[in-house]
Every structure is written in C-alpha cells, then in structure tokens.
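The block underneath contains the structure these notes are about, expressed in structure tokens.
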C-alpha cells in the first residue's frame, strides 16, 4: 500500500462515518448541524452560536483522549507482531490496581511517587499481557481466547481488591490516594477553567514516542514486525518468534497498564469498583485500527475518538442521543474494515487515474 | 449560622429564578441509562412531571445527559452547570464523589443528589447540594411481609433476595426484607445473592434461576437493570406452569411482569419514590426554598418509600396485614434495622 | 483462417511503467497460441485486458471480427473467454462438482441439483479426456488434478477461448506432459488456447504460434514449427542465451558439511528421512534429485534447523550443529535459499533493504546497541541491488511484494551469497523463473562453487540437476539410493533411480 492510500482509506472511512451519523440524524428529524457545533465546541471550547469560550471543554477532550490513545498503542503494538490483543481492558484494570497499591502503600516525594505509581501500573499491565503471550508461544493457545477470559479475571480481581485489599468503606471506592501519587495539576485545571486535565498527557506523549521508536528504529521492533508479517519467514531468518510474541504482549500490556494509572490517578484520585468493563480496551481496538497501528496514526485517531466521547454532553444537551457517537465510531471501524471496497470505489470514481501498484507481466 | 447562609443563598436563588421565568432542571444518569426501568427512569419521570406542571419544554428547560462510563459524570454535571440549569440532579451514590467535585467548582449552582449524601473533607454537607435519601429498609420490610405471608399461604418455605452490588445501601433492602419475612413467617428461609452489577439482566436471570431452582418461591430483586432478568425468569417459569413470583423494586413493576392479559408474575414492588424526591426538590427550587446542605429523608412516614396503591396479586388479608405494619413503622413503634443480621 | 481474437495497438500505462506499448496480438481460431516473455514483459497485463480486469489506455479489441469493449470479466465470460489462473481459485473442502458449479448452480426448485451437475461435469471431463472424479474433494486431489478442475470450470461455462496463465509452474514433468495432451485435445474439439509461459520447451511441444513480448513491446509473432528454441529465447531476452551452464570441472577441497545417519520425522510424524548420510565438499555442487515428497523438505529443514533431528549428526566444518538454533547455524556460515520464497525466503511486506538484513539486522554494521542504522542498511541494499542486478522500482525502498518472482529470487540469492557462507543449501532456486533469471542464478551458483564454497542443490528439475551439479545424489523414500558423477550419468539412469527401481551407491 502506498502512502496515499494509507492516508486516504481512513480519511474516507471517517468521512463516511460522519455522513452516516448525519444521515441518521436527518432521518430522525434532528439536526446534524447541532452535532457538528457540539463537536467543534468540545475540541475548541468555542461555542459559535453563543460566541462564548470555555477552555474546560478542551481539557476534558484531552482527558477523554488520553486513555484510549494508550489502549490504542497497546492493541496496535500487539497487532504489529500479528497478535490480536482483546485484553487491553484487563491489562488496564491490573494497571489501575497496581496504581492504587503503589499510591496508597508507598510513601515518596511528589514527582518520584507518581513515577513509581506509573511504573507499577506498567509492570502489572505487562505481567497481565505476558500470560496470554506465554500461552500463545508455549501451547499455541489463541491469544484472543485467553485475553477475553483475563478481562473478566481482572474485573473481578479489581472489585475484590477494592474491598478486601484496599479496605473500601463504601465498597465502591478506595480511600483517597495521597496527592503525591496523583497526576492532578491545579495549574492545568486553572488553565482549562476547572477541567480534569492532568499531567497524564506527558506519559501518553512519551508512550507514543517510545512506540514509534521501538517499532521503527530498533532491532527489536524490526524482528517484531517481521514476525507480524510472516512468522515462518521470521523463524527461517533465525528470529526467536516465541520470545517476540511474549515480549510484544508484555509491552502491549504495559501501555494498557499505564492507561489504567492515567485514569485512576489522573482522571480520578481513588480506585473504583466497576460494575462492568468500561470499554477502554475496545475503544483501543478502534483507535489502533483507524490509526493503522502506527504511532502518529494512533495519536490522531485517539484524538478523533476522544472527541466523539468528549462531545457527548454537548451533543446530548442538543437532543442528540449518545448512541449516535457509537454509531459513528462503529461505522468508521466498519468502513476501515471495508478497505478493499473503498479502494475499489476510489478506482471506480477516477477510472483515468487508476492506482495499481503491482505490475506483473 | 449555616442555616442563615443557606437562607441567604436561597433568597439569591429565588431572585434569579424570578428573572429567568422558568425553573430549568437538568439530570445526569449513571451508566445504567435513562431507560433502566429503575432508578434513572424514575428520577426522570419525577422531573418530567415537574416539567408538565410548569409548562417546561423537554430538551431545553428540562433535559438529561446519559453517561457511558464513570469518567463521564464530571463533564456531564459540569456541562449542565455551564448551561445555567437552575437545578442539576443526579441519582445514585455512585455520583457522590463526582458531585462533590463539581459542586466545589460551581458554588453558585444548585445540585440535588438522590440516594446519597455529599460531604466535604471535614464531613460537612455542601451548601449548594441538597441530599435525598430513602428508608429502603422500611419499604423492604413491607414487601418482606408480603413475601412471607404469600409463601405461608401457598405452603412454601423459601424466598430469595437478589441484590445488584453488595454495599451498605443495597444491604438495607436485604435487611428490611429479611426482617419482614421473618416477622410473619419465622421459619421461612431467605436465600441471598449479589450479582456484582446493576446492568446485566442475563446475570440476574441466572441468579434467579439458581434461587428458584433451589426452591425459592418468591424473589425480591434490588438490582436495577440486572433485576429485569429476575422478573423475566419468574415470568418464564410461571408461563410453563411452575408458579413463581418476583418482587419489583424502585417503581411499580407490575407491568414488567405481565405474561398473559391480566396476569403478572410481579407480586408487588418496593417503590422508592425517587421521582417524588426529584419532583419535590425541583418545586422547592422554583419556590425559592432550595434545601441546600440539608439531608431529606424519604421514608414510609412521608410516602417516600411504599408499596403500590393497588396490588392485584395480593389477597386482601395480606394487604391488610401490610397496612398494619406500615402504620407501626411510620409511627416509630416498630424499628427496622438497616444492616442484615450476621449469618 | 479467421482470427478469433484481435487485440490491436494496445497501450496500457501504470504509474512509472508502460506495461503494454502498442501491442498487437492476433489469434487464429482453433490454434494454440503462446505468449512468451520474461517476467515483467507485459504478458499478464495484456491478458488481464483481454479478460476485462484492466481497461486499455488506447487500442481496440475484436472478438470474432466484432469490436468489443470488455470492461469486466463477466463480459469476457459472455464472449466465451475463460482464464485458468496460475494460482487456483478453488474452495478446498468442496467437491470438484461443487467448485465447478459455484456461482451458477443448477437448481430444481430451491435445491441445488447436484446430480445433474455431476453428470454434466463427468460428460465434459470424458469428452476432453480430463479424467476428473466429480465427487472428489479438492483437498484430496493432486495439484495437476486441481488444475484440470479449473479447466473444467471454464468448459462448464462454455468457454471457447481459454487463457492458461503459466500452467506448468506447479506441475511435475509427468503432469506437464499430460497437460499438453489435454490442450491438443481441446484444440481438436474446436477450442482456442492462449498459453502464457516462458518455458520454451513447452511452446515447442504444444504451440502453433508464438508471440514474443519484451519490456511491454511486441517483438514479433512466429510459427513455432519453423522457429528454434534458441531463436525464440533470443527474441525474448534480446541477446544470445546459452542453455548450457558453462563450467569448468570441479576442484573439490575438504569436506565442509557432513550428515551422518540422520532420521527426521515429517509433518505427519512419520520418518521422512531415514538413516541418511551425505558429504558436501568445498568447491563442489552436490545435486539432490528425486520426485517431490521423497524427503527433500525434511532434509532441508533438518540441515537449516527448522526441524529437529530424531537421531544422527550434522557437522559443519567438523562442528556439531545438530541441535543449534537457526541463528547460530547462520553465524557458522550456513546459507539457505529456501524452496518457498514467499513463505520462508522473504518478508513480503518488508522493503527490499529490510529483507536484505533479516539475518544480520541485529549486529554491526546494521545496528548498534539495538538501534537500527538505516544508512548502513540502505547502502547495503544499494550495493546488492547493483551487484546482483535486482530490478526494482524504488531501489531499497521497494516493497518486495511488488517485485517480480525472478527479482525476488535474485534478492534472496544476493542476501545468502553475500553473507559468504561456506555451505549454501539451495532448494528449487529457479522455480517459476524465466530463462534470463535461470541463467543468471545458475552462473552465480557455479561462480560461488569456484570460490570454494560447498553447495547442496535440491531440485525437482532434472535438467537443472544435470546441468549445474558436479555430483548427484538420488533421494527415494527418505534414503539416498544413488550417488553418481554428473558427467557420467544421464536422464534415463537418474529417472530409474528416482522411481526406486535401481540403486547405485558408490
């Protein structure tokens, strides 16, 4: 695939997703214009109709984007090695548990404490990712099955830990995590009119950088990509396929674990019992898919889906049901999956400039 | 002193209301959604009733925002505050910390939390948040009496309770129910299960199947969306000739249990009138009497919890007995414990 | 005689390449017409235009004298044009009949009338001597049979003009012979055949006319009976070619690779290689010939480390490598040009420069402390591309998937030879390649031999074994049943040993 269609397909898919969302709104006698105003306001803080500006929306937009960028990196990293990591959700919860533990039990000076919390979360997520990696490498058990199961284990482990380990009084949240362990920032909150914007964006951006560096620049990334593209070829070339599978899942898990910490000590300031999985892992699949499993792609698609989430309050306030955002998200993913169809369509639309890369005799 | 402050605050609020002309009420649901046939839906019905009484436009002067995840609570509450709603309502103790956070950032905004009490770090209530709580154990006692008597009448000796998640609030339902059953039918066994979720009807049905399978004749569910599965299981069994009953929660769920014209598997319901709370506090805001910082208790005494006015499935002798207990509890003669007896 | 197909002045341009430049092709009714050209000469593009997969930039097409516009394969089908693709498009767990009727199932009511379909399939099969069992499942029949199913599919759809795209690439010599017979039978029954190939022998054997393309241009159309293979080869390549591999007698040195009594299990868990011993010496090419499936794959896998050896020893320069990991064997100077270049030889989605370093990316000069050195990787690619004449559109950045088979193979040869291993395991190195590429690879192997390397050549092509090897070992049933000097044997003797009827181990 050349660069042009690499960019073209997602852009067309996104466009079609929004067109479909708008069409449904029109069909149900609602205004798609309202939706686009709401989306615009949620990313820019600017309400064009009332001509008011509230930077809180920008802050919340970033807050919504951060965890799904990380789960997107998690899914994307595994994907690069040919693995389908459905388990980002569970790895995220394990990261969250570890973050709570490191927050409550360790005493350290401000910055160092947060760093320890983040590292603990990455470690826990990494271990949770190593399990399906090991089973895949050692016994050839499909990672999809194992990761789905582990999502449930993580969910119940989380809810058990909240009550039994962290001694929650009300059984739904842990005692507050001390401020030294939090990513919260009064400065950032003030700048954004009291939003929950926090220092979490620093580890998120670093993660994107690290992802790019590992995949594109290192020998490790080289062998991961080789395994992802052609397992047999990589094995023939002398690469340790099984070890790559495990390492890849560990790193994928670490990204997701970090997402757990960013939520728990950034968005919130305590551990929470969860009635059900919150869907960050599945959002990550969409983010990775739309972002083409590339670092920069994940960044932008993370912003896109973060926007869809962040626009929720404003959209609903305009009488647009929250399901519309889900429909748009789902149809974008669907259209991406229909990549070949889109390429065909674009060939049909421009018959004179047919794009064909393969020229055989 | 605090009261004075509140009064001054209310006076200010009244002034602004008078200018605006109408009282705008916004509502934020938890992850269960607006149509959960339970808590969120009831609250919204109360607000809608208030809207109808005051000619308010739905979607403008009264509106709701649904949440997809817990992380949405704060932005949803904040957005409504930004939009200048006169009262922002949220249902459920899950909102406790989010509302505390947002109320701190919007000191002039009036909030109502139903089912919980928002306190600051010093343990004091916030002046711009009204708190509505319920005496669920009292209402649950009454449905416990209904279950105990019904089982006895049909020569059954086991009933059940399915809770959403196990924490003190839901344990109040369990405690009241158990005491009610045993008050009229001391030998009756009460099975207890918690689903761990409020939004999984499948799980509710599975737990109901387990309890019915073990011999429970009537199951009381206090599990929100999960509880719909309990009712479904009761319906399916009764339809097949294996008569079982479910007891609804939060609102009158008789209609949810209908499996044939005129026949419902829902014996009665423990109505928790969150709609009354939402409606009444909205009216107080309109009238300039916002009870900021106060804890309003809705109990049997003020009809904040009750069983439905009509119960087609309960014979007159049982309803009569229930009425007797109701009077005793309302008058304070009978005390119902909030915590389940240790087993 | 009337032309059944005329493609006049066809031009088709792809970004950066003129795939067809005013090509004219006229095919007589009832003939076998060969289309000859090297990989990349524009044969497939021309046929794809005829089949409606591409539309030409200019030029016209006439079928049976009438101007037509073929904008999609359905129109081609309606005109009676059918294509037998190089890679079969069959559903493996369906029966022959089910595959054939797929898409136009005869129905009685809502139910597929299998009986009627099977009867029709059998009837066509007998008419053309295809001998296909309509009830067999695709996965149970040989590759040659599968190809006949593809042919049947065309005939079932009443195709009059059959395009065969490189039909012999996947067949054994015996199957090739049978296919030629079937083609002649088809023509006798009034069909017309267009045969895309680069194998001169086959053209000589079957075709009436031959149209030669080179780099998108028409070189000419010749009657096959009056043209020698040599002449056609020169038209195709544009210069003189030698079929014979020029080489001096071998000058064998010390033994490099020693295989002692190894046993290896195959994928089914049976012994694929039994008590096999071999020696490869410096400066010689040892050829292993045998019919496919007689233990060649297991032998290669055992030597290169992809399979574990049940018992016995493999030594490289006296060092026991029997249970070393692949990476360490490579490090000890063992190179491998694998049989399946797409599955094992290349990472098709990698760029060319990345493929050149799949063994060596993790050490200097291509990386330092785990960080890739793209400058070194690129200059390495530039050097190999120049040295081995690998043709690729964008240099080292070319996606390998977009390269022709011959150039993909050249890339592998370049990589393996460049690592200067002492021992080179070469499996089926010229499968599916054109004359020019074959010639190049053969010369290169001989050159490496002359530099003192030991080469183990495993091939199913008897000509190749005879031409290139110095010594020949014949493998049958997982055992070496013959060991002869290439100069002292012939096709006949080898054929008998390959069939297991003669043993000759000196």
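As written, the chain order gives the labels A, B and C, with residue 1 at the start of each chain.
By our rule, contacts are C-beta pairs under 8 Å (C-beta built on N, C-alpha and C of every residue); 3 or more make two chains touch, one makes a residue touch a chain.
Bear in mind that the values here come from a model prediction, so they are computed numbers and not experimental data.
Participant: Return the chains shared as contacts by chain A and chain B, ordered by label.
Facilitator: The common neighbours do not exist; no chain touches both.
Participant: Using CA atoms only, can you tell me which chain is the most central one in this structure?
Facilitator: Closest chain centre to the overall C-alpha centroid: A.
Participant: Rounded to a whole Å, what is the gap between the Cα centroids of chain A and chain B?
Facilitator: Their C-alpha centroids are separated by 35 Å.
Participant: Report, in whole Å, the distance between the mean C-alpha point of chain B and the mean C-alpha point of chain C.
Facilitator: Computed value for the inter-centroid distance: 74 Å.
Participant: Taking each chain's centre as the mean of its CA atoms, how far is chain A from chain C in angstrom?
Facilitator: Computed value for the inter-centroid distance: 45 Å.
Participant: Which residues of chain C touch chain A in their complex?
Facilitator: The contact residues of chain C facing chain A are 14-15, 17, 19, 37-45, 54-55, 213, 304, 306, 325-327, 329-330, 336, 338, 343-350, 354, 358-359, 361-362, 367, 370-372, 399, 401-402, 404.
Participant: Tell me, which parts of chain A touch chain C in their complex?
Facilitator: 217-220, 222-223, 225-226, 229-230, 232-240, 351, 354-361
Participant: Which stretch or stretches of chain A touch chain B in the complex?
Facilitator: My answer: residues 54, 56, 60, 63-64, 156, 159, 170-173, 194-196, 263, 267-268, 270, 272-276, 278-279, 309-310, 312-314, 316-317, 319, 322.
Participant: Provide the residue numbers of chain B that touch chain A in the complex, in ascending order.
Facilitator: It is residues 31, 59, 63-66, 68-72, 74-76, 78-80, 82-83, 93-94, 97, 105, 164-168, 196-200 of chain B that touch chain A.
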